[in-house]
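Next up is a structure, given as structure tokens.
Chain IDs A, B and C follow the sequence of writing; residue 1 opens each chain.
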Amino acid sequence: MLYAQILVNGLILGGLYACIAVGFSLVWGVLNVINILHGSFVVLGSYVAYFAYVHLGIHPFLSIVLSGALLFALGYVIQAGLINRVIAAPVLTTLVLTFGLELLLNNAVLVAFSADYRAVQLANPMGSQIIGGIVFPMERVMATLLALALTGLLYLMLAKSKIGRSIVAVRMDPEAAALMGVKVKRIYAVTFGVGALMAGAAGSLLSVVFPISPLNSTEFLGIAFVVCVLGGLGSIAGAMVGGLALGVIESFGALLIGPQHGLTIAFSLLILLLIVRPTGIMGRRGYE
Amino acid sequence: MNKGQTMHRVAVALTLIAVALIAALPALSDNYLLRLGTMGAMYAILALSWNIIGGFAGYPSFSTAAFFGLGAYSGAILQGAGLPMPLAWVAAGLIAMAFATLLGLAILHLKGHYFAIASLVVAEVLLEITTSWTSLTGGGMGLNLPIIRISIDAQARLFFWSMLAIAVMALGMNYWVSRHRLGFGLMCIRQNEDAASMVGINTTLYKVTAFALSAVLVGAAGALYASWVFYIEPPDVFATLTSVKPIVMAMLGGAGTVLGPAIGAVLFLAMEELVWRNLLQIHAAALGLLIVALIFFLPGGLLGLVTGKRKRRVVAKKGETTSNSAVKGGAA
Amino acid sequence: MSPILELTNVTQRFGGLTAVDDVTLSVMPGEVVGLIGPNGAGKTTLVNVITGVYRGTGTIVFDGQRIEALKPYQISRLGVARTYQVVQPFPEMTALENVMAPATFAHAGVSLTTAREKAAEALDFVGLGAEKDKRASSLTLAGRKRLELAKSLAMEPKVLLLDEVNAGLNPAEIDVAVDLIRRIAARGVTIIIIEHLMKVVMNLCTRIVVLHHGAKIAEGAPDTVTSDPAVIEAYLGNRYAKRAAERAAAAAGGAHG
């Protein structure tokens, strides 16, 4: 029963991880940019949820709309105004640029909100349900279900909508897409915006699970990295599988070696995978 | 050609004079300046070392912190076990180099972002191992180094000159690589690795050699740093910023050039002292702003500003007198 | 005389696709062998197998030595050079530096000074001497193709594999290139050339090898190969082949009667 409980815990955590990583994966896959800002985007989403709840009384599960919209705008502006200008430069340039932007943004968040941990204290918590001897903390379960639903929505958007098809086309061959009349730079900005949107929405959902602080951004970024490498870059399904896998691995790892080493296990796994199988567990490419 | 040789001689002479002047810094007997000088030399070692793998070979390595921390802990542990200080520094350099060789064999087949991430995560894993392995490293409590029985002033001079000596070695290493077939081969790898392999370059050997060279002096500098500050702890010597700062310095001065990273290191230190010490609350943001400005306004670094202009002029002149130069070429 | 290059039962598979299918081929020193076949016949893949980019099955002997397990840089150092269908210069280097690279690394113990001299010589040979200080990326397509040739020459190869060196060139440029290849062959370099233009193949080659679906379907002197029904079928499809065969039969019959 203990193992079943740990498995459930891992899956609940993993759904949230998938949601954190999917936007990061999208940006990496389509733009070939590693967005070091991603962790701070998640943190910003959590702050939006916190203030929306404290001042406006909006439940974090509803404020994903708000945080998603705000983060989309922020991401769009950053890509259109800054990163697009060096998108053709070597990998190191965009990597260092987003790192510089991360230093700026994270410092700004730190000055604005301080490093103190905050938590959303829900007025009507849903509590826990025990089904078949396994405890289901309902807020977390809801957050995870919403996270998976959002990821599914993103999948549908890429597969069905016009803008989604453009994103897929740009990912496969930017030059061919440009010839077919796709405004590639605009699609880059939209993609980066969508990546930020997913981060922001994930941040909102996380606000009911984890305490909020600017110091968390590095951990979220690390999770996004590991999930992408685990699941393989460039597919929504990969991010899902990678996220759930990481959640389960971390839960069982915490049991075996101790909870403080969760991320270490993840990172060691990451290096091992990079060495042995850089294309990830799924090993497929393309958003199809 | 002659003009180029003259330029080269002038550059070498100016560098030697600058090194001699810096070496005379203790004459001012200002311990604050001496501390800055030691920091500057250390930054130069990190930036010049990164330049071998990142600048010449074009591999975006974020392993500097791993090599630095490994060197610091190796040196500290060996000194604690009774090895004389200078020998501990040498041993730390060699340990870092051996580690880089093995790591390079494992991850240098990765390209672009994948290599960057793998190299970045290595420092995180070492940090965790160091923190957990309390019996050897003191864990999160950190590690104290043996006290040296000479005066504070003499210590300051000793560490300054030692750090400077390693910095000069780093500069010499860059100079040697740039004029040797290794540097030429790395440049080919940076521009087109498949083609480099087709023209007969053993790309694996060259990349691993570059990675090992980019580690050896960083490891020694880490050990020297540990001796200098007497006390180290994991988050201090394995900090991610230790991997990022050298890249910024090299880009500031001009990555892939010999002098650029050294110049960048000095400028970076000056900015760090002047700007960030006064704006403690937002020093990270100031660094971020510097990075963003650097990428948009100075993409080739300071030296790129000079040589870039020169190249453009040469090309323009060639374009005007193609027929002339053909005749000259035939005569020569 | 023994062959300089000998392939025995070489096969290369990618998943379910057999790109090179059991090819056996031997090339004598000094030959100019044309490698032809429809698009996707596996010509470039075969070159990639010979140069060590892919590792297939079967044996490859070069100059008396097994090379099928060697790495690309080792094979090129032994004396097998190649050009690419899509030219692969070092874009930020000058033409001279581009050619210096193979001159430096193809043989052990070459100093940069010697390499520079060799490179200048190779550039003069291909007619790029005047443009040696230009950046490779600023050369015309024809110029970059000649740069590729100079790069492979600077390796002082025994065998040179040319992959569509004439693609994208205009007729005047092609004439220059063909003349250049002939001069390279005259130096005693064995050449294997992948080419779509039959005029060039008929002009240059002493022997032609035809690949279809990865397998060798014909080889021989240019005239015999181009009238081989199997080759015509591979190129033009079944219907045309039948018609050509009928026409040949009719012509033979007419001659007899």
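Observations on the structure shown:
As a working rule, a contact is a pair of C-beta atoms (placed from the backbone, for glycine too) under 8 Å apart; a residue touches a chain by one contact, two chains touch by 3 or more.
All figures in this text were calculated on a predicted structure; none of them were measured in a lab.
Averaging Cα atoms per chain gives one point for each, and the point farthest from that of chain B is the centre of C. Looking at contact counts per chain pair, the maximum sits at A-B. Note on chain placement: the centre of chain A and the centre of chain B lie 33 Å apart, centres being C-alpha means. Measuring from the averaged C-alpha position of chain A to that of chain C gives a distance of 49 Å. We define each chain's centre as the mean of its Cα atoms; on that basis chain B and chain C are separated by 44 Å. In chain B, there is no position where the chain touches two or more neighbouring chains simultaneously. Residue positions of chain C touching 2 or more other chains: none. The set of chain A residues touching two or more other chains is empty. Contact residues on chain B toward chain C in their complex (touch as defined above): 179, 181, 184-185, 187-188, 191-192, 194-203, 314-315, 318, 322, 325-326, 329-330. Those residues of chain B whose C-beta lies close enough to touch chain A in the complex are 54, 58, 60, 106-107, 110, 112-114, 116-118, 121-122, 124-125, 128, 132, 240, 244, 247-248, 251, 281-282, 284-285, 287-292, 294-296, 299.
By the touch criterion given at the top, residues 51, 71-74, 76-77, 82, 84, 88-93, 100-102, 104-107, 112, 129-130, 132-135, 138, 151, 155 of chain C touch chain B in their complex.
Of all residues in chain A, those touching chain B in their complex are 28, 32, 34, 82, 85-86, 89-93, 95-97, 99-108, 110-111, 218, 222, 225, 229, 261, 263-264, 267-268, 270-271, 274-275, 278.
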